[in-house]
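What follows is a group of structures, each given as C-alpha cells.
In the two assemblies presented below, subunit A is common to both, partnered first by subunit B and then by subunit C.
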Partner chain A sequence: MATAETNAHETELTPNTYMQHHLQNLVLGKLPAGYERADGEVLEHETWTLAHSPAESKAMGFWSYNIDTLGWSIFLGMLFCFFFHRVARKSVDGAPSGFHNLIEMCLEFVNKNVKDAFSGTSNVIGPLALTVFIWIVLMNTMDLFPVDVLPLVMQKVSGNPHMYFKVVPTTDPNITFGLSISVFLLIIFYSIKMKGIGGFIGELTLHPFHSKNPLLQAVLIPCNLALEGISLMAKPVSLALRLFGNMYAGELLFLLIAMLGYWQLPFHFIWAVFHILVILLQAFVFMMLTIIYLSMAHEHH
Partner chain B sequence: METILASTAAGVFFLLGMGAFGTAIGFGNLGGKFLEGSARQPELAPMLQTKMFLVAGLIDAVTMIGIGMAMWFTLANPFLAYLE
Partner chain C sequence: MNFNATLIGQIISFAVFVWFTMKFVWPLLLKQMQDRETKIADGLAAADKGQQALVDAERRRAELVDEGKHHAADIVNQAQKRGDEILEESKSNAKSEAARLIHAAKAEIDRERSQARENLKREVAILALAGAEQILMREVDKNAHNAILAKVSSEL
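Right after this comes the complex of A and B.
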C-alpha cells in the first residue's frame, strides 16, 4: 500500500526514503530570496511556502510551522471541548447510557486520581488533569490509523502528490515540549503563589543540605542550587521526551510493519493492540506527574 | 564516512541493548513485587495495580528516550553533517 510516486529528487522508493517521507512534517515557512528549490525553481523574493523537501524545511529555520501537527492537535482539542460541553450541558435523569456514560467514566477516573494524589486545594487542577489526559489520549490514538491511509487521502484532496503529512501530533517534539513547558510554568507559578518568592527560592537553595552555622550554609547553597535546579529542569524535559520517545518509537514500528506488503495486516493489528496500552499508559503517566508536580508546588513546609 | 556510520551503529546497539536490559529487570522486579503485595493483601490489589502502572510508565521513560535517540541516529544521522 506504499505510495508509488515520491518527491522529485527521491526517485526510487527505498525503505529509507519511505520512512523519511513519513517522518517529515508538513512545514510552512519563509524561504529566502534566490533559494533554489527541490524541483529546480529559483525564488525571486522571500515567499511563504510549503517545504517540498527536508532540506527546504531546514532552510526555513526556526520560525516555521508544522501545519499538520498544529491542525490535528487543534482539531482534536476542539473535538474534546465540543463533546464534553455537549454532554455536560444535556442533563440525563436516571442511569446515563452510551456516550454520556463514557464521558462520566473518564471524569470519575480522572477525579479519583486527582483526589488521591493532590493534597492542596485548587480549582485548576481538575480541569487541567482532565484536559491533559483526554487530549493526549486523543492525539495518541491518531497513531492507530494505518500509516498510509491519511497521507494518501490528503494527497488526493490536495492534489500535491509529494505531500508530507505526519498525522500523530505527539510524535512531534514541539507538541510534547509545548505541553510540558506549560506544565512547568504552572509549577513555578503555583510554587511562587503558594510559598512566595522567598519560599520558592528557599526551596531551591536550602534543600537538601542545611546547617545551623551560616558560614557552612553559605557553602552549601550553591550545591543545593545545582541539585535542585537540575531536578527542576529535568521535570519538563523528562515529561516531554517520555511521551515523544514512546510515540515516536511506536510510529516507527508501524512504519516498519507497513513496509511488509500484505503481511502488514496481521502485524499492524497486533502492534496496534499493544500500542493501545502504551497510548493510555503514557497519557495516564503524563496526567499523574502533572498532578503530583502541582501538588508538590502547593505544599506548605 | 564509513567509520562514522559504523561507530553510530555500534552506539545504537548499546543504546537499545542497555535500555532493554534495564527495562526488563525493572519490569520483572515491579511485577514480582506487585504479585507478592497483592498475594499478601488481595484487597489492596486494585490500588497497587494503578501504582504499578504509574511506575511502569516511569521505568521505561529513560529507555524510550534512548530508543528515540537511537532511532534518530539511525534515520537522520546528525554526525554525518560533520563530513563536508
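Right after this comes the complex of A and C.
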C-alpha cells in the first residue's frame, strides 16, 4: 500500500492522481510506533507529523487535524471578527464610508431575516446567524481562487512539491458538520430550555400519533420516537451535507475544468460566475435553516 | 469522508466566533445603526419643522409688508392733507398779513401827510410873518408889496 502510494507520487501526473491530490487534506496527526511511512521509513516512536498519503492520514485515527481547512476556517473566522469588530468599535458621525456600509448592509440583511423567521426573542440568534452567514460566505469564496494557485504557493513555501493543501474549508465535511453539529446542540439546548426535558421528550414521543387510550399510546410512542428522532437527526445531517455537497461538487468541477488545457480559461470564468450564486445561496440557506430550526426549538406545541 | 478532530476544532472555533460576535460586534453595530436612525429621524423632523417655520415666516413677512404698505399709504395721505392744510393756512395768513401791512402803510402815509400839512401851515405862517416884517421895514411900495405877495403865494 505504502509503496503504491510512493509510486503514485513518482509516476507521471495523471488526471486521476491530480484530482486525488487536490482532494486530500493536509493532515496533522500522530503515527504509531512501527508504522512504515509512504517513503519506506519505519517509525521507531509514535510521532506527530504531517500525513504524506491518504493511508497515513487514515492511520492517524480520529485525533488528527486537517490543518489546511481548519486553518483557513479559523483564519477566515478571525478575518470576519476583525473587520466587523473594527467597524463596530468605530462610531461614525454623519455618513458612513463604503466598507462600513457593506458591513452594515450584511448586518441589516441578517437582522431582517432573523426578525422575519424567528418568532421568539433571543440575543444569541442574531449574532449566530451573522457569524454563520459571513463565515460561510468567506469560506465558500475561497473556491473562487484558481484551484492550483494557493496549493502551488504553499508547495513552494514549504519546499515540499507533494504537499496537500485544500483551501476551501466547506469542501471538508469536518468543517460543515462542525457547524451543523453546533447548531444541532443549540437546537437541543433551546428545546430543553424552553420546554423542559419533559416537554422535549414529549415532543419526540407524543407526536404525530396521539391516542387517549394509554395502551394504544404505549404502542404509538416508539413509532413517534422513530419518526421524530429521524426528523431531528436529519436537520444537522442535511444542513452539513447540503453545504458540503454543493461546495465539493463546485470544487470538483473547477478541478475538471483545470485539466482542459488552454480551454479552461473561459470555462473557469463561466463556472466561477455561476459559482458566485452558489456561494451566496448556500450560505444564505444555511443561515435561514439555522434560524428556522432554532425558531422551531423555541416554539411550544 | 474522513472524520477526525477537525470537527471538534471547528465546533470550538464556531463557539468562540459566535461568542465574539455576540459580545463585541452585534450589539455595538446594532446600537450604532439605531443611533444613526434616530439621528436621521430627528434631522428629518427638524428639517420639517424648519420648513414649516419658513412658511410661517414667509406668511408673517407678507403680512408685515402689507401692513407696512398700508401704514405708509396712510402716512402719505396724512402728510398730503397736512401739507394742503399748511398751504391753505399760510395762504390765508399771508393774505391777512398783507392786508394788515397795507392798512398800516396807509395809516402811516395819512399820518405823514397830515404832519406835512401841519409843517407846511407853520412854515406858511412863518413866511407870512417874515413877509410882513419885510413889508414893514421898507416903505410901502405897491409894486414891492405885490412882488412879495406874489413871492409868498408862489411859495405856498
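One rule holds for everything that comes next: the second predicted complex is superposed on the first by the 291 of 301 C-alpha atoms of A that agree within 3 Å, B and C clash if a C-alpha of one lies under 4 Å from a C-alpha of the other, contacts with A are read in each partner's own complex, and residues count from 1 in each chain.
What we mean here is this: a residue touches a chain if its C-beta (ideal position, glycine included) is under 8 Å from a C-beta of that chain, and two chains touch if they have at least 3 such contacts.
Quick caveat, the model's predicted, so the values are computed rather than measured.
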Subunit B and subunit C placed together on subunit A: clash or fit? fit
- prompt: Can A:Ile103 be said to touch subunit B (first), subunit C (second), both, or neither?
  reply: second
Key: Contacts of A:Ser122 with subunit B and subunit C, given as first, second, both or neither   = neither
Quick one: is A:Met288 in contact with subunit B, with subunit C, with both, or with neither? Answer first, second, both or neither. first
Subunit A contact check, subunit B vs subunit C, more residues touched by chain C
Value for angle(subunit B, subunit A, subunit C) over C-alpha centres, in degrees, nearest 10, is 100
**Item:** Partner chain(s) touched by A:Ala88 [first = subunit B, second = subunit C, both, neither]
**Value:** second
Practice prompt. Would you check which partner chain A:Asn246 touches, where first means subunit B only, second means subunit C only, and both and neither mean what they say?
Written response: first
Shortest distance over all C-alpha pairs of subunit B and subunit C after overlay on A, integer Å, is 8
Interface with subunit A, subunit B side, in the complex: residues 50, 53-54, 56-58, 60-61, 64-68, 71, 75-76
Within the complex, subunit B is touched by subunit A residues 16, 19-20, 23, 113, 238, 241-242, 244-246, 248-249, 252, 281-282, 284-285, 288
Subunit A partner, complex, touching residues on subunit C are 1-11, 13-18, 20-22, 24-30, 32-33, 35-36
Per the touch rule above, subunit A residues touching subunit C in the complex are 25, 27, 29, 57-58, 60-66, 69-70, 73-74, 77, 80-81, 84-85, 87-89, 91-92, 96, 103-104, 107-108, 111, 123-124, 126-128, 130-131, 135, 172-175, 177-179, 181-182
